[in-house]
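In the two complexes below, subunit A is the common chain; its partner is subunit B in one and subunit C in the other.
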Partner chain A sequence: MANQSGQVYGLTILSPIVENERIDICHATELRWYLASLPRDHTSPFARVSSTHLARLVVMDDVVFVGAPAHEEHLKSRYLVFETNFDGDLDTYLTRMAREIPEVVESVWKHCVGYPGVADPAGFVAYMKKCQIATTFFFADVNDKTVQQNLRALQVQSALAHFIEKNQGEPAAEIQKSFGVLLERLAKAPAPLPGGDDSEETSAEDRPHD
Partner chain B sequence: MTNSAVIRTDNTKIDVSDIQGFALKGYNFPFARYLLLELLHPKAAQNFIGQVVQYLTTGERWDEKPVATVNLAFTHRGLVQLELPEAALLSFPVEFQQGMKARREILYDTGKNAPEHWDPVWSEDRVHVWLAVNAQTPAALEKQCALLVQLMEQTGGARQLQAQDAGAIFIDGKPTSKEHFGYTDGFGNPDFKGAERECVPGQGKLAKDGTWEALATGEFLLGYADESGELPVAPIPHLLARNGTFMVYRKMHQNVATFRDYLEKQSRLYLGGKEKLAAKFIGRWRDGTPIELSPDQPDPAIVQDDNRNTNFTYGNDLSGLRCPIGAHIRRANPRDAFGFHGELVNRRRIMRRGLPYGQYVPEGQPVRDEDDRGVIFMALNASLFRQFEFVQQQWIEYGNDLHQGNDKDLVIGNHDGKGKFVVQGTADAQNPPFVCAHLPHFVELRGGDYFFVPSLTALEMMASGSVDPR
Partner chain C sequence: MNAITPMKPWKTPLLRVFFFILGAVKPLQTDLKNLSFIHFARWVIITRHQFPQLSPQQPREELRYDYLMFFSNFNGTWNQYIDAFSAVLSQGLNAIWRWSEKFPGSVPVTPFKAYISQLQFDTDYYYNAYPRAATNDVKAALRVQDAFNEFVKTSQTLSPSDFEKAYRQFLVRVQADLGSTGMAPVGT
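Up next, the complex of A and B:
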């Protein structure tokens, strides 16, 4: 279970990047340009793969030389490092990537050696698992709840704080009545969208009693 | 985190005669003036520094309390103006080189706290020197300041840009340690090895057996081992750094009318009553009693007992039923609230100095936000980045470590009317849960900077132009 902490899966993938000396702009550079263009806020493509806690894509050129005595080491190629923390099992997650953000997967992994394309999700999953290395140890800066559970909990917490703020000091019977309304509205309220909300505490979902 | 490779020495010896007294102890003098200076021609400025050094107050023990003290510190621009060698200038930590204004995004000094609202003295980036006089009487203060101004004029080395007065609030003719919101302030300061004072329970750091011991000297003075067993990051040469430290200076305007009005309105809904709510804000009753030790009423006996007034932990109050998790003193120094016997806070401690400024208005009398009053906050630490900036960013202006989401410190947080503060509570009618919402800006930043507080040896090297980083 080296890849798992509680129910959160920590995936590490190293995909070798295609080297081709005959092209003008190398794959690593093109990949960097593309990655730099991806949004990192709630419009990130990984917000659409809604079980994602956190995802990171990095181009690694080589290992960095450290220390003396001089002992130079090199990687066999450049790599795309893909790290993600998500809920559930690996096959489901990778399949979701193939199905839900195929254009992003295509734009990223087309620069990598042996990438079979995304049209056949099973082929993509098999390819990714071939590139997987054991994460062995990772720091999941989240509790052991799913993304959805956390979003729901934050929604309830925020709604409750607003509720108390609005109703504190009212007679008990009134509070109880309003609380019933709050619970009902919360039960009906749609779960907040993953990927965070940049407008912070003002979203309509936060304030079902307003 | 027991690491046998970390060497800890308990025979720390510090040369108190080489260290500025301000860096070792709070003087507890009722009057102070902070002169903010621009250095002029480098040679004349060196001469001026050389003259001032002879009046400096060191950390030596006093047989008799002096009538006034003098201390001195420099912004990085000041050191540039003194023409320290570039190799030395560039060896200072980056945050000090940049100065506090450049760090505004990191510190959340934005909106009403942004530099465009600061006192004009900070707008031209000419503040080079902080020259501080603390005094027992107004006459002694005037006399000492006049002497320093005379030195500026004689040497032509410096020019006064602002004279910031500060002082204890007097009530019934007696100096107190109250601040303008009515709280008794200035209890806790971390003890460290080598300092004059024995470790007071509740200060320093928590040992595994629950007792308190002094922190490593290098958390507060350069040139000594810190809590990691290493020397703190410091400029070169070693002699320039050793026995010196870094100081943050922040002028914090207090909106007293807003505070009183807010407390009054909130407490109408809070069943525990106004004074209890005020205590929940800070973690101390307004007389200074820690709410953790006495949750139901103030207790003067605790306040007066130095072995008790800072001697508490939060380990048995993790849900914040006595002291709210977001209370000011619990944020600024969470002690053992994060577990691990308090080890997570040992490298985030700051030594506070500071005094109120402006006219005190007793409760019940008309008061206006616009009137010039607040506190001059000063804090000393070996690393502005690791200590002050971390506390300010993560514990004051954010709530994640405390599991308080985006909530900020109620009193000094940068709120803009949006913040909230949760008082944890129980079914007990006297201690109900409560939410303070729409927090206004109680405190506004009016300026400040990062300063280097050199040792006397370093000052003499600077004065003689003999700082040699090679």
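Up next, the complex of A and C:
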């Protein structure tokens, strides 16, 4: 299935945006303002839906006229494009969105035609599927690891690089002892936060992106 | 990056056949894989009748063209990306976009960049679970993780001298994969 590469699912959604000429600020503009205010780091709503590798939301105003002799044409609606790459299956992911970030889903999709709300997650899933466009070709460079596995590997890589640098030239017995401490520290280290963590409370060695 | 190009509907099945072959014959993806700076990319064909209409009050689209949408999540700058695409994947790109109206070809790069600039549209919200790691960093970290797990399993009970030997072998194995991650330098 083209929507899937390995264990990663590539979802493409086109939701028509409500047009209402009688309101002062159009829905597309309000939606853009809201999207601009959303955090993009570990406090992002998509960090809460933790199976998300990468996601984007885009207001598409129109199709593009590439110049004569091509025919010029225009869309009658604007569309919200939601493109996301996540682990697992579609129903689980959309249900997680409805349950874990309902306020964000509501604030985004309330501007879209036919949005049923999130009170009934099954209704939201059905709505999103109506807006889904099948991916024709999907490329995922790493498609056999979850977000958490990638983050954990980055954390180990960072901690190990610090360890090797710090212990360069030390006697073997010392390195062996310190390596045991490193293992304990890694075992106790909190799971890395998706979305990036620059807070001072996290030591540089534990940051998966440092 | 987001881009959309119009295609005459009779060309759409031809492009679908090309994508089918690209998906089925893995060696055709080798250059794309070897470029190793794209986390995820997708091409989505949306036919002129396929734009969702979710209410009778929403006017139905009346279009002559089908459209090819392209979304890419890549590392580095736009110029680096397009330059690399043009230099390394020109034949593949031509095979994909030759069906789109007024596609100038991916070489030479100047008209190709002008074309892309014309048909791309901006992202309003973007989230990345590992924003400071390029796709090469992720792949390197996964190799380090594998080597690390193996080393931990075999080195726990060694004497200091045997540990030293095993540790050195471990370092040789992972040394090329220990580069630090972080914000990419800005370049053009």
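Observations
The rule we apply is simple: the second predicted complex is superposed on the first by the 190 of 210 C-alpha atoms of A that agree within 3 Å, B and C clash if a C-alpha of one lies under 4 Å from a C-alpha of the other, contacts with A are read in each partner's own complex, and residues count from 1 in each chain.
As a working rule, contacts are C-beta pairs under 8 Å (C-beta built on N, C-alpha and C of every residue); 3 or more make two chains touch, one makes a residue touch a chain.
The shown structure was predicted, so the numbers you read here are calculated from the model rather than taken from an experiment.
Partner contacting the larger number of subunit A residues, of subunit B and subunit C: C.
With both structures placed on the common chain, the touch criterion links A:161 to subunit B and to subunit C. Shared-chain residue A:169: touches subunit B; no touch with subunit C.
Within the superposed three-chain model, A:48 lies out of touch with both subunit B and subunit C [touch as defined at top].
Judged by the touch definition given at the top, the superposed model places A:185 against neither subunit B nor subunit C. By the touch criterion defined above, A:110 lies against neither subunit B nor subunit C after alignment on the C-alpha atoms of chain A. 154, 157, 161, 164 are the residues of subunit A that lie in the contact sets of both subunit B and subunit C, per the superposition on chain A.
Within the complex, the subunit C residues that touch subunit A are 2, 4-6, 15-16, 19, 22-23, 29, 32-33, 36, 38-46, 50-55, 57-65, 67, 69, 71, 73, 100-102, 115, 118-119, 121-133, 135, 137-142, 144-145, 148, 152, 155, 158, 160-161, 163-164, 167, 171, 174, 177-178, 180-182. Those residues of subunit A whose C-beta lies close enough to touch subunit B in the complex are 154, 157, 161-162, 164-165, 168-169, 200-201.
Touching subunit A in their complex are the following residues of subunit B: 268-270, 405-406, 418, 420, 422, 433-437. Remark: subunit A residues 2, 8, 10, 12, 14-16, 31-32, 35-36, 38, 40-41, 44, 46-47, 50, 52-61, 63-64, 66-67, 70-71, 73, 75-77, 79, 81, 83, 85, 112-114, 127, 130-131, 133-142, 145, 147, 149-154, 156-158, 160-161, 164, 171-173, 175-176, 179, 183, 194-196, 208-210 touch subunit C in the complex.
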